[in-house]
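Following are the structures in question.
Both complexes below contain chain A, partnered by chain B and then by chain C.
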Partner chain A sequence: MAVSSRRLQKELREIKENGTPVGITLLQADDFATWFLSIEVLGETLYAGEVFALKFRFDPQYPISAPAVQFVVDDYYKAPVHPHVYSNGHICASILGSEGWSPVLGVISICITLQSMLASCKERKPPPDNDGYVQRAPENPKKASATYP
Partner chain B sequence: MSGSHSSPTQSQSLNDDINALSVDELDRLTQNVLDETASTRPLLGETSPLSVLREEYERGSATFLKQIDYLREKGYTHFRRTRGDGDCFYRSLAFVWVESLMVSPDKAFEASKALSLLESSLDSLEAAGFQKLVYEDFYDALANLVRQIASPAADGSTLTLSALLAAFQDPETSNSIVVFLRLLTSATIRVDEDNYAPFLFHPEIGEPIPPREFCENFVEACGKEADHVQITALTKALNFSIQVAYLDGHGNDGTVNFVEFQIAPPEEGSPPSPVLLYRPGHYDILEKH
Partner chain C sequence: MSSDYELSDNEYYDEEDDEVMYVDDDGSASEMDVDFRISPASKSKSYEIDYESLTQAQVEKLIGQDVEDISGIFGVEPDTASLLLRNFNWNKEKLIEKYMDNATSVSIAAGLALPEKPEASSSRFEASSGSRRPTRRSTAEQAKSGKAKILERLTPPADEQPFVCPICFDDTQTKTMALACGHKFCTECWSAYTTSKIRTEGEHWITCMAEDCKLVATDEFVKKALGSDTSAFARYQELVVRHFVSCNKNLKYCPYPSCTHTVSCPSGASKSALTTIVPIVGCGANTAHKFCFGCNIDADHRPVVCGVAKMWLQKCQDDSETANWIKSNTKECSKCQSTIEKNGGCNHMTCKKCKYEFCWVCMGPWSEHGTAWYSCNRYDEKASIDARDAQSRSRASLERYLHYYNRWANHEQSAKLSMELYSRTERKMEEMQITSDMTWIEVQFMKKAVDEVFKCRMTLKWTYAMAYYLEKNNQKELFEDNQRDLERAVEELSELIESSIDPESALALRQKVTDKTVRLPVVWQSTGFDHLHLS
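Then we have the complex of A and B:
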């Protein structure tokens, strides 16, 4: 079994036995390739009352390699308007890049980090190069050349 | 949380080494590193004669050539390359550690001692706050290899040097072992942070950095190269002495500085500690055959 399946099995068991932290919900984890979770930020923040969905994609080397993580953008979900989130759902967060990722992190710790990224936001505005990025960005955020603002 | 993805991850002493190089040397070095990170190289290679390394510098730095000749005069004959992916210290160290257990006179005893050491190291990992689900698969990768030294596998075979090399060339096994050693290094620093804190500096800006932040960013993260502090912590955790030979183009007398990371004074008649060969930004294994 790939190292990713073994690890994800354990993360899933942990979620099922102990639940998820406040504001984080497991939406779908039918296999060890793609999971969906939702996050919301509680309390008085710019995103009060909004729920966002995250799509996680894992390669067989996860957690040695970072998962591809993005906000879901479809008829139902939108990406948060945030200086580090492009309107196609791609996220600029150091922990998701090869520079900041570590196998100590996991699905839930990523959700918590993104929650706090939203909670600490002072101004609802997209990244300065949003339109250009969205036009040329590949579908998978891990394949994007990492020149974030 | 920031969006900067462009920070190079060299250590301060590494920067100093690089600053000491001439432009030609630096070009050449950069090219070497780029070639290696092209991921065509095996994660850990077959052993090659030092003459191969010498040839690579023949059109380059005279100081490096002199230093390679110095190593040959000292009786070193071969070296084993690791891929230049930032994990090379951990990978080299893991390989020479398991290899040293295998070639020891009483390998069954040494292997079982090593296994109990690994088992008890899990207490440090727990104390440092790592969850079992985070470390156990990586731990198993290394422990299984050590176990095979003395206990026959299902097919009746014990670990051979070629099987060891194959394990270190298999990305899943090899990288899992690297991750375990990173976690072990981190845990060693975290549980003894008062002792390590005075030596922890941000590798890029040189400012003191809190242990937790140092460990998260420069120990646990894959691809972050090790410097003195990490080497000290890991050799201590494994109770394993090594030497690092600095082939760094420093000095005009052509000698190579050997730094000992020694756990205890060597016992009489014990073989010399394994040697890692350092070139700016990279570690390989140095051998005598």
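Then we have the complex of A and C:
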């Protein structure tokens, strides 16, 4: 079995046996290519009461390289208005880039990091270059040359 | 032929005697007769510069010397010395100063030693490294993010059980590796990770796979992790060499794809020198690997100085109108309207359909070019302004720009097509050996002529960029006269090379080609670019 599948199987078993941390819910994990999880930030934060969905895409390089992660933007879900989140759902977070990613991290640790990124936000403001980025960004965020504002 | 050029050589170039040195390419140039140009006086110089081409092994030797020095001074392993130097961008003096001041903090910053309080960064891995002491982790730290708790769940529970790699969870893996931090992972994962860092990210600084662990892998560790993949290790060594070269201002890596040669050119390394010299260098791997040491343009942009060349390229990139022009590699015959594609270096076009002969640049009939070539080379500003009386100034300036751009791009395109010309010429050379009594050596003049045409086109190309920035005055007229002469000589030579060969005329052709072969250093000097005033 491919390393990425074995690893994801293990992560899925952990989730099924031990549950997910508070505010994180597994929405869909039917295969080892694409998963959906939802996150919400509890307590007194700018995003209280809002639920966001995250789309994870894994390639055979996972977990040696980070998965492609973005907020779902559709009829039901919206991307959070946040200085590191573009309106198309792409996220600027060092953990998702080659510098900050470590192969010991996984789906749940990414969710926790993004949860705390939202929780610590002081101002609901889109990234300064949002419009320009959204216009020329590729569909897959991993194909964008990321900068971390 | 024209002694006034010689005079101007002397007055223009005396002051740079020590900057530039004359290099005679092949030594045989002096045998050639230059039919339209003066032979250079013995004291005149060319736009050639002193440089040295180094192979990767030669650069590795330089690296080895630095590593050996540091290893000896600090009393550390060569692998450690290499990482220290890399961390200090190969600045040996600065490294020695800082290391003497505080070896521990330098080692920690370089990822060679663990920070003072290892618990903070490695506690969550103690489960797997066999020294689990839960009390060492503060409850505050656990509460901070909950991340540690999750990760702990991903790591195997107890040390008595067989090792399970926290990355792949493949319990059949028995071989493990760890850096000094003790973060143990299976060899397969280390191999996949190291390969990905080297091949995908082009990274020579490979840190531990554990989260937030800054410890860096030595060459020995990388080699072990890569195992039998020797080509990945070779790529890693190349990346180290590239880093070393990029940190040394006297060195530049050859910009041609997959070339691993380096050029050393101390005289081209100073910014101030670039106003008077154009440090065109070449790597020893391939004679086509020419580039400018001063500005990294991967072409010979003589006689134009780096600043002007960059300004021109920037302008060409910014002008959107130009984009449309670039696309047009085809033109329509002005007589029968059929589409003609340029497929050779020569500007003398003959329509296959109607046999109309015309000039690719100005589209005018070729018959007029024999005697009045200048009508194609010189943009008659007065006539153009008269003709566009009613048009706006911006339109006129665009026309002016396009005039020079078209000629610039035309030579660019012709030069690109010269690869095909080379192979066609090679076939012709084989033919000539069979049909005439010439030996392989004797037909080499054909190849030399193609080389010369290519180089002249590169020079001509840049003279049009130069002319665009020149003020209209007597000097510019002289400049354009020289340009026109060179242009005509190149076109004649180009046509001779492309003409079909009648076996009996092979010898006559040889004489003609040799006569027409021009010498670029003379041209560079006669255009005297760096002494003309830019508008």
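The rule we apply is simple: the second predicted complex is superposed on the first by the 147 of 149 C-alpha atoms of A that agree within 3 Å, B and C clash if a C-alpha of one lies under 4 Å from a C-alpha of the other, contacts with A are read in each partner's own complex, and residues count from 1 in each chain.
Just so we're on the same page, a residue touches a chain if its C-beta (ideal position, glycine included) is under 8 Å from a C-beta of that chain, and two chains touch if they have at least 3 such contacts.
In this text, all values refer to a predicted model and were calculated from it rather than measured experimentally.
Chemist: State whether chain B and chain C clash or fit side by side on chain A once the two structures are superposed.
Modeler: Superposition result for chain B and chain C: clash.
Chemist: Applying the document's definition of touching, compare chain B and chain C: which contacts more of chain A?
Modeler: Ranking chain B and chain C by residues of chain A touched puts B first.
Chemist: Is A:18 in contact with chain B, with chain C, with both, or with neither (first, second, both, neither)?
Modeler: Only chain C; A:18 stays clear of chain B.
Chemist: Under the stated touch criterion, which partner chain does A:108 make contact with: chain B (first), chain C (second), both, or neither?
Modeler: A:108: touches chain C, not chain B.
Chemist: Contacts for A:92 in the overlay, against chain B (first) and chain C (second): which applies, first, second, both or neither?
Modeler: first
Chemist: Is A:84 in contact with chain B, with chain C, with both, or with neither (first, second, both, neither)?
Modeler: A:84: touches chain B, not chain C.
Chemist: Which partner chains sit in contact with A:28 here, chain B, chain C, both or neither? Use first/second/both/neither.
Modeler: After superposition on chain A, A:28 lies in contact with neither partner.
Chemist: Figure out whether A:61 sits in contact with chain B (first) or chain C (second), or with both, or with neither.
Modeler: In the superposed model, A:61 contacts both chain B and chain C.
Chemist: With both structures aligned on chain A, tell me which stretch of chain C collides with chain B: 2-10, 236-244 or 290-298.
Modeler: The answer is stretch 236-244.
Chemist: Which residues form the common part of the chain A surface touched by chain B and by chain C?
Modeler: 3, 6-7, 10-11, 14, 61, 63-65, 98, 102-104, 106, 113, 116
Chemist: Spell out the part of chain A that touches chain B in their complex, as residue ranges.
Modeler: 2-3, 6-7, 10-11, 14, 60-61, 63-65, 84, 92-95, 97-104, 106, 113, 116-117, 120, 146-149
Chemist: Using the touch definition from the top, list the residues of chain A that touch chain C in their complex.
Modeler: On the chain A side, the touching residues are 3, 6-7, 10-11, 14, 18, 21, 61, 63-65, 98, 102-106, 108-109, 112-113, 116.
Chemist: Which residues of chain C touch chain A in the complex?
Modeler: So the residues of chain C touching chain A come out as 145-147, 150-151, 153-155, 166-170, 185, 188-189, 192-193, 196-197, 200-201, 203, 209-213.
Chemist: Under the definition above, what is the set of chain B residues touching chain A in their complex?
Modeler: 1-7, 9, 130, 133-134, 137-138, 171-172, 175-176, 179, 183, 216-217, 220-223
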